[in-house]
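Each structure below is given as structure tokens.
Shared between the two complexes below is chain A, which pairs with chain B and chain C, respectively.
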Partner chain A sequence: MLFAQVQKSFWNEESGSSALYIKLILALVVGFATMALLLRMPPRGRRAVVVGITFLSGLFYVAFYLWPKPLPGVDGTGAPLDPAKPRDFVEYVGFYLKDALPIVADFSNILSTFLLGLGVFSIIRIHGRKLIRRQTDWGFSLVLMFSVLLMVVVGYINYWQTHYGPDPSKLELPRNWSFVQYANDLLFNGLLQQMDAAMFSLIAFYILSAAYRAFRIRSVEATILLATALIVIFSLMGVVAFFWDKGVNGISGATTGGIAGNFTLTEVYTWIKQNVQDPSIRAIDFGVGIGALAMGLRLWLSLERGGASA
Partner chain B sequence: MATEDPIPTPTPDLGTKLQSMPKSMLYLILVLCCSIPLFFKIKVPNAPTPAAKDLFNALNSIPSGSTVLVESDWTNSTRGESGGQFEALTRILMRRGIKFAVYTAADPQAPEVSRDSIVQISEQERAAGEKGADRWNDWVNLGYFPNAEGTANSIANDPRKAFGSKKDINPDGVKSDVFKSPVLKDIKVLSDFKMLIVITASNTSTVIIQRLSGKGMPIGMMVTGVMGPETSVYYTSGQLIGLSAGLKGVYDMETLMNDTFTKPGLTNFGKGDRYYPTLHFALLLLILAVAAGNVGMFLNRRRKA
Partner chain C sequence: MNEHSSWRGVQYLDTGWVGIAFTMMLVLFILFNIKRAGKNQNLFIRRIAGLNAIDEAIGRATEMGRPVLMVPGIGDLNAISVQALNIFAYVSKTAARFSSPIRLCCGNAAVFTVAQEIIRDAYQQEGMVDRYDPDSVRFLSDRQFAFAASVSGLILREKAAAAFFLGEFFAESLIFAETANSVGAIQIASSTQSTQTPFFIAACDYVLIGDEFYAASAYLTRKPVLVGSLIGQDWSKMAVGGLVLLGAIGLTVQMGVFSPKTISRTAQDTVDVPTTISVVAKKDGPYAPYEQAIGTTVHTFALKKGQVEESDVPLTEDGQKVPMIAPRVITAGDTDVMRLFKPQKDKTVSVLREQIDKPPKDQIVPGTDVPEEDK
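The block that comes next holds the complex of A and B.
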């Protein structure tokens, strides 16, 4: 029977094991030492290190996509070969890349997680300074810092209780909640999530206001655009689409291949979608794809100096 | 001292009035249009789209007891659409006895939001005499992966390694390897997942298509109205087995559920049924506002000519 972490490597250890904690501490020490070393290096040397690491990181994924993938093979008698053993150098590298991918993905996940920490650090730095110096609107910063602190404290206690406390699965149901779960629910679902929804709902006001002020039929193109938008909007309104289609289908021959059948709202919208909308989006995607490829190459080869200058 | 006669301010004509309605009035009408329908039970006739039908049929053809992968990339900012889609999906999976593993690659808040929703739906299903879904035995939470691209690559390469380090709480209250759970114990390669369903309000849909399409696992998507057009491209190309887009998509799924799950007491309608009339009024207001602006412009042009 296969279990998780079936292939042990240098990069993983059993969760909660002392070997894992030792490696975590070692990683921290190496990380800080590397950071200190980088800060002490002259800018040119630092840039060379950053460029080198960027190139190697990108090279892995380029190699992963372009290098031939190992395929199951057969020997001279037609018997299947051992799929776990490479037959030549090309397959050896293919196996290596395949095995390394989850480790590289874990690295990228860990690096992305640092961005969350960086965001929190930035908030604390900016608003902490504002608070200490009593700058304009420092009251808002106080509310923000207090909210962050409260959410972190309540969130962690709740996490600990719902993951490591006695019978944590019971705490999923509100009838078994304690004060901490209610507090977490109030902060997360009652406040944060509601404010999130409120912010997003503001878009409706902007859309209405912008459409009212800007959507004018001043040219042939604008007329076509407005007519198309109207058809799409009506097709999203179930009542309109239902009764329009019913009316059209009531015309003689509409449902038996007659020309009237092409004028149901659903048919017209589908035609617009398949012949206008989808090709346009594909064309845009194609352009964006080429742009992303060019940008990716510039970043990979460190030709994009803006954000990479060390 | 002589006083000058004040210059009379010309009264704005209808055309000008129609073109310059105050913002506050527009906003007030929108608030009323969006709020009032919520207090009334309005049944809207509906014909589900072929894309939604395909998604529903694909979910209905998955054998009971098998496992699907769910990427839940939504939070409450899009709960009107994504929340309704997720609820419809989990109801279908629970009623059909399909196990599911949920992960997130878009937002750190998403795992908690989806977990709360699953627990709530499971309770409602049990109250209606259904089995619901038990954590660990019927579903597992694989958590949050901050890097969507790397994670999708890793899943495509080997799902056991991609999720290998994840743990969830088993019925004994102990955190244990997710691959020991009944949900994932038989998963060895990607195609062992009978389907991947992505519920998203962002471009993680594109990330998934780029890395997981054509790898032996059908992909279905439930996206917001804004993401609908660009995701529909992948449905027409055949890379998606089905698609539910926006509030119309939610109502489509609920309508199809209502036609299929006919046992008395079951809840088939949810957010789609509640919010779809509101969408009608909001869209109608949008049409009227654009029409008013254009009528005003024509009246002014005629007056000047």
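The block that comes next holds the complex of A and C.
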């Protein structure tokens, strides 16, 4: 491999080694100390810390983007190099950034995991209160709370049995399943996945009703939209496209470069897609990309202050 | 700096440096205009109907005594969701002034926690923190369709009078928009996913298209930093547009205006490369050593997944292809091309290539001999 993923770096240690535990404890101490410091600081000082951390976090990705990524391992004569050894400081930093990338990306995952707890707490608070006070639609809240509890209990027991149980590999075969595996299968594959699919399938009906409203002829634009949509729809309907194209190709010269050949449904659809749809989407995407760049810059440099930039 | 210098990073090889330099130019445009806007307070922003309608939508909700619903999409906490929350802060301030109830539904826990802070701040800035209901900002579910079902249920139960769908939406966009439409809510929507924008256009009253979404906070607050950033974005768009135009002209000239050249042949060859010679697609033969390829035009070059090791060629993030190389004529001493095209010793390299030739005038060039799905 080119990069030093397998090499021991600042960011990893051997599993179970004392160095790993020391680093873990140090990270915890630093984390708690930072948290305590942030809580005790006045708002202005806290803001300075947040600005600093935001800048440093963003700086890592900027450095990763700009710093020369190490080239395939060849020396000045073209002979292969030991890929695990950086040649100089520039490559050393390149390797370091590459090694650190998954770790830094994990930081945000870890933070999100902590925040998920707050999200679940919000659900329990809102629906628990509704349940206790018997407010309107408290029955739905009861179903929700029961479902959450059931899923958590069954999910965790199943996870424990299939990962740390007496014989996890045995549970890969359905014939060896216990009640918990069947319950988990029913809840996840039998109910949750199916309900997801049911919600997804609703979109087909919503598309129909939305299309009906959008394609009503009210203006020139709506008429153009309707005509374009009909061409695209027909071109995707095999039978219609087949017979239309057959009819057009029957016109003299259509298949030998004549102008009529441009009016098959597939040709018109391709023209619409390549000359109208794709460029429009690309233009929109350019705008969105540049907007995201500007927003990212403002956040990174803390130029964006408070909600609605208050 | 020689060919193998450590300063020549993978991302700067071939035309890679152009993209980075261009990005840096856009960054400079934005930062320069942010600085410039501080001095000039009277900068013009064109009218955006969707944003003008915000006050109208909230007013309607107030009159009807029904809540204002806001959904910042189902994406992670990123620039898009933060921008959506910024707009929602403005909506919340206006709603607070009119004592209209709000419902902000989140499908991501990180967005939820930030939303709580931002909305509470918005009420605080209006001096109406007592009107802030912590339950008005809710985390519903981080599963896409469970979230869609929850939001739809909430819309139907509480009969929202105004609905704002701003952020990163996917398949659930139409479920939200149609459900809100069914209860007669006035809807203002925007998705950064261009695939979802048509659905919103079909189903909603007002839609912010593309970068109008990012222009919203500047439009609503007229803060110099934001307006400057918006002007920087406009400069950037003009630069991108100019580059697109330049590319179109360049390609037109290259392909020939009056005697057009076409891609005459597409072929996939498997070549056993016994030595470390560089290979390139050559005009008249399958492959040739680098020295023989001088003067030929390389059009595209792509490696199939799994057929070369990562150390052979700088791969893109998805590990499937080397970066597309712009059509170029190989000249003597063209070391970047040599490096990119150098396969490992004794490896079989599958190369998909296209050649640009002038087709014989009296002959129609035969079709491709590569299956469409392999290109």
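Criterion: the second predicted complex is superposed on the first by the 211 of 310 C-alpha atoms of A that agree within 3 Å, B and C clash if a C-alpha of one lies under 4 Å from a C-alpha of the other, contacts with A are read in each partner's own complex, and residues count from 1 in each chain.
Simple rule for what comes next: contacts are C-beta pairs under 8 Å (C-beta built on N, C-alpha and C of every residue); 3 or more make two chains touch, one makes a residue touch a chain.
Quick caveat: nothing in here was measured; it's all calculated off a predicted structure.
K.L.:
Output check: A:137 vs chain B and chain C. Expected answer is one of first, second, both, neither. What do you get?
P.N.:
second
K.L.:
After the superposition on A, what does A:294 contact: first (chain B), second (chain C), both or neither?
P.N.:
second
K.L.:
Which partner does A:266 contact after superposing on A: first (chain B), second (chain C), both, neither?
P.N.:
In the superposition, A:266 contacts chain B only.
K.L.:
Looking at the overlay, what does A:187 touch: chain B (first), chain C (second), both, or neither?
P.N.:
Neither: A:187 stays clear of chain B and chain C.
K.L.:
Between chain B (first) and chain C (second), which, if any, makes contact with A:68: first, second, both or neither?
P.N.:
second
K.L.:
What is the contact status of A:196 with respect to chain B (first) and chain C (second): first, second, both, or neither?
P.N.:
After superposing on A, A:196 lies in contact with both chain B and chain C.
K.L.:
With the two structures laid over each other on chain A, which partner does A:116 touch: chain B (first), chain C (second), both, or neither?
P.N.:
A:116: touches chain B and chain C.
K.L.:
Of the partners chain B and chain C, which touch A:206 in the superposed model: first, second, both, neither?
P.N.:
second
K.L.:
Does chain B (first) or chain C (second) touch A:285, or do both, or does neither?
P.N.:
Touch partners of A:285: chain B and chain C.
K.L.:
Counting contacts the way the document defines them, which residues of chain A are shared by the two interfaces, the one with chain B and the one with chain C?
P.N.:
1-2, 111-112, 115-116, 192, 196, 199-200, 207, 209, 211, 213, 281, 285
K.L.:
In their shared complex, at which residues does chain C touch chain A?
P.N.:
Interface residues on chain C, with respect to chain A: 2-4, 6-13, 20, 23, 26-27, 30-31, 34, 76-77, 79-80, 82-83, 85-90, 92-93, 106, 108-110, 112-113, 117-119, 121-122, 125, 135, 137-140, 142-146, 148-149, 153, 157, 171-172, 174-175, 177-178, 192, 194, 197, 199, 201-203, 209-211, 213-215, 217, 220-221, 223, 225-226, 229-230, 232-233, 236-237, 240, 276, 310-314, 339.
K.L.:
For a test of understanding, state which residues of chain A touch chain C in their complex under the given definition.
P.N.:
1-2, 65-76, 78, 83, 86-88, 90-91, 94, 111-112, 115-120, 122-123, 125-126, 137, 140, 192, 195-196, 199-200, 202-203, 206-207, 209-211, 213-214, 281, 283-288, 290-299, 303-304, 306-310
K.L.:
Under the touch definition given earlier, write down the residues of chain A that touch chain B in their complex.
P.N.:
Residue positions touching the partner: 1-7, 12, 15, 61, 64, 98, 101-102, 104-109, 111-113, 115-116, 163-164, 166-170, 172-173, 188-189, 192-194, 196-197, 199-200, 204-205, 207-209, 211-213, 215-218, 226, 230, 233, 236-239, 241-243, 245, 266, 273-274, 277-278, 281-282, 285.
K.L.:
In the complex formed with chain A, which residues of chain B make contact?
P.N.:
Counting only chain B, the residues touching chain A are 21, 23, 26-27, 30, 34, 44-47, 75-79, 108-109, 112-113, 115-116, 119, 123, 135-136, 145-147, 149-151, 153-154, 157-158, 160-167, 169, 171, 173, 175, 177-180, 185, 188, 225, 229-230, 232-233, 236, 246, 248, 251, 276, 279-280, 282-287, 289-290, 292-294, 297.
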